[in-house]
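Read through the structures below before going on.
What follows is subunit A paired twice: with subunit B in the first complex and subunit C in the second.
The block that comes next holds the complex of A and B.
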């Protein structure tokens, strides 16, 4: 099956000089959100730390995000480090906020199953981007919400919400 | 609760550790460990640890903590912890916490050590380098010289610790992770991690020659090891930690970890292994990762490699 364009865009940025320069190599990229500025489409990629623990990973609050043009993923519009943002000042980065895998993924037993599920969500993102670019209604909203709600790490959700409540809350239905 | 803990201090075996942390030749940090066997089976089922820090030597600790670890179900493992801490020396506890080891409730999670002790599934199916177990003719590099510098990182510091390993190997002296991290923070090379571009800056700080490159291959890795370079790579940790264990996977994509490559085992050409020192997990010393798996994980960083040597230092010493 064809690779998702959204996944490819994130992958391209993660391999860019800008990413090598700015993003701590220890961080993992999380679920993106869309941003439309003066008619142009951008995606915001959040980054967070996680550490291996028994049967999974401890998750830490989102540390930073990069906003990149959809059509030029090796470039960047904005880079935000949340530790120095006023409304993030009470976030404790020294402790994990939760664990992966979360309850909604209980039925996902293997790496391949998880990656397949992620790829389905990335393809929903592709459909949404197409709809946004063509100013058409997004027909796959319900499907995307289902996948998003299953894959979103509940302990990280409050931080995603701080980044873009309108976008993330539209798809996270718990 | 405190009285209960104090009463537990009486019987049993006691160990005392003292250290001078500020270099004034007077011990200022004391750790007293009490091992208590309440049921007479010869095994301590309560361990109480007190830590006193008295930097100004006035016999009034500026910091004091007491930890009680208990084996509640008699299985020989300490599974319940109570922790009390007075951080400002006013004789009142500023923090009291209680948790069960292995219980993933965030309200109880107070210490990273609990997490680090629980990552045993990483590398569970791989061997670890031991000179006596391998055909040394097939070994590229000098992994046996690099094993001793390995330790587990204390924070999000894999790049700092990988550089610490390299520094110790090249300069033949011990370095302290905390001090290196402080230097990196001061120079902007560490803030909740290290960007790939800044991997190697600590080495340059100590006069080590470094060269960063991407799009490398296993042949490049082999050539560099044969030139006696020290090597650090970035990769996707999930892929090597889980190996073929399909049940171990995590969120996020692409490279997220830094490790030291200390050798290659080519004794079986059909099963080449890359030998790494990985500070991210408790069993990360001299891990022998199958080459194909290593390359998959390495590709997620664009096959980023940092090569380090002390040619300039040696030239200066000779000249």
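The block that comes next holds the complex of A and C.
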């Protein structure tokens, strides 16, 4: 099946010089959200730390995010480090907030299965972006919500919500 | 109203006496601070700065105001002023031009005396195109009585979109302005760029007058006046009534100066304008030129008084406590020493914050690049091959520069704000916001035998009020010093980010500092965006000379220009951050040294009292005499303050609070009208 454009965009940015300079190498990128600034479409990619443990990964709160233009993924509009933001000051970065994988993914057994599921969500993102670019209604909203709610790590969700409540809460149905 | 000259002389004398008194009583650190305050006081000028888009008539207006026979500021129908000109009082006329030249790798200022008639050769676009002579400043001294009271007029290059380096030069000067004359004219309305510039200036200077020039050219000038008034009030977030535009005609005033025609004077409306300007100046004069200095000296002497009074109380009630106080003060000294040698956490914290700021800079500049690139693409789409025509190409080139310059200025603003915030944080975390002598005294657990008012009935009521709540006399006067650290740093940050070094030097920064800044700031200002035209300039030439260019060539030239700008600015900002960090750390260390000296003075004085073989009664008498001397001195300071306050016959405007509203989206590219879908997730 065709590679998702969203996945590609994130990949391009993650391998850019800019990303290398700004974002600590050990951080992983999370689920993006869309954002419109001055009529142009951007995606916000959150980054968080994770540490391998016996049963999977320990997850740490979201550390920073990069806002990049959909059409020029090697560039950047904004970069926010949350540890120094006033409304994030109570977040404790010293302890994990949860573990991967979470309950909803119990039926997913192999890494390949997990990646396939992620790809389906990425393709939903693609459909959504296309709809927005063409200024048409987004038909796949429900499908996307289903996948998103399954894949979203519940322990990280509160931080996603802090970044963009309107977007993430629209797809996270728990 | 009191004569300002006399008042100034009195105040300076009073400061000299204060320094002598502090020295005589053995408080050398305080004596030094007071002496420095006196020096700053004598040098303090009130800066009246004209700003506005090019060709609005700024230079003409200053000429008309000064009324000199031969005009000082070059005026021209095409772009004229291209460097900052400062005009101040001098017994004899003297014109100096400050240029910057690279010597042994660093930029150094050179000053040269010239004749008045040569001025246009240096600060006008005609005599010095694109400022190739690297003029940073023109200093003019003239025996004009209007300037005699320490008023300085400053002419700045127009801030228009055509020349970004002009905007930056002028912007760098704004933090020094005490009164802004924001010039618009009757021939066309205010632009977005001008309003943005005004907003930025307003952040640093809340005293603004709005002359509207060229009233003679447009019989319907009232329409433009109202439109401007509306735009300004919206931009600054203040009510329309507070924005008074004064329509004037510079040409009519100049005609009056030549012909003495009363009709010309009347139609110039200068009498009204001058009345408003001078009354504003009069109202602000005391506040700007006297009060901060009087307050500084008052606080220094107050601390001396507190030491003596505390000694008196301890000696009278519980002698042993004096040794304890000395021990406490020594502990405070140890604390400052540890900040310098062992307890260096504050330094690493600062370094970390600066590293984060630096990262944010990289990000912001890359976002700037993106916005400019986006804009370029939009324009290519909209204009098609027309972009290869000189007119359109130049227009787009200017729009791009405009975007970049706007973002750069925003970024500089942010860096300054963040630095100040950081300094505040470190101040508090190191406990510098609490006076150390106060802490030493509070640690004593001591109740004096007699009420202070009984011993020193003449102490001023205000001090009684401050004293309330603390166990013994010393009070929370430490604030001023902290304020100074921050104030000083704000100046330093601005010098690094906003202003040419020679100007910093002109405004009282030390020579060493000036040279230090010169090394970096000359590359940061003026030359930053407009200066390196690189590929884009080549393309402009190609386009204007009618050589073959197509869209790919234009795209490449402009993309390169944007990219080079980003790279250079990143480098410059990084260097600036490093300098600033060094400067911040240095300021703290200087502060520690000053605190230690002050503490040592305090200890020494107490030790003298303790070790003296005189009978206690005699010691008490002596302390009382000293306290009374210093208190008498403080009464004098208060009286001077009252006199200065009587200079302010107009109320201070409180509505002029800082406005940090959004900068409106540039109107350069009108977005096509289209109905946007509403999404539940966007």
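Just so it is clear, the second predicted complex is superposed on the first by the 174 of 174 C-alpha atoms of A that agree within 3 Å, B and C clash if a C-alpha of one lies under 4 Å from a C-alpha of the other, contacts with A are read in each partner's own complex, and residues count from 1 in each chain.
Convention: a contact is a pair of C-beta atoms (placed from the backbone, for glycine too) under 8 Å apart; a residue touches a chain by one contact, two chains touch by 3 or more.
Every value quoted in this text rests on a predicted model; they were computed, and no experiment measured them.
Looking at the shared chain after the overlay, A:166 reaches subunit C, while subunit B stays out of its contact range. Touch counts on subunit A: comparing subunit C and subunit B, the chain ahead is B.
Touch criterion not met for A:103: it reaches neither subunit B nor subunit C.
In the overlay built on the shared chain, the residue A:75 is in contact with subunit C alone; subunit B does not reach it. Using the contact criterion defined above for the overlaid structures, shared-chain residue A:21 touches subunit B and also reaches subunit C.
Once the two complexes are overlaid on the shared chain, A:136 sits against subunit C while remaining clear of subunit B. When both complexes are overlaid on chain A, the residue A:34 reaches subunit C alone and has no touch with subunit B. When the two complexes are overlaid on their common chain A, residue A:89 makes contact with neither subunit B nor subunit C. Shared interface residues of subunit A, touching subunit B in one complex and subunit C in the other, are 21-22, 81. By the touch rule above, subunit B contacts subunit A in their complex via residues 102, 104, 106, 109-110, 112, 115-116, 118-122, 156, 158-159, 191-197, 199, 234, 237, 241-242, 246-258, 280-281, 300-302, 304.
Contacts from subunit C toward subunit A in the complex involve residues 353, 356, 359-360, 362-364, 366-367, 369-371, 373-374, 665, 671, 674, 676-677, 679-682. The part of subunit A that touches subunit B in the complex is made up of residues 7, 10-11, 14-15, 19-30, 48-60, 63, 81, 83, 93, 95-101, 109-112, 114-115, 118, 153, 155.
The residues of subunit A lying in touch with subunit C in their complex are 18, 21-22, 33-36, 38-40, 66, 69, 72, 75-79, 81, 84, 128, 132, 135-138, 141, 166-167, 170-171.
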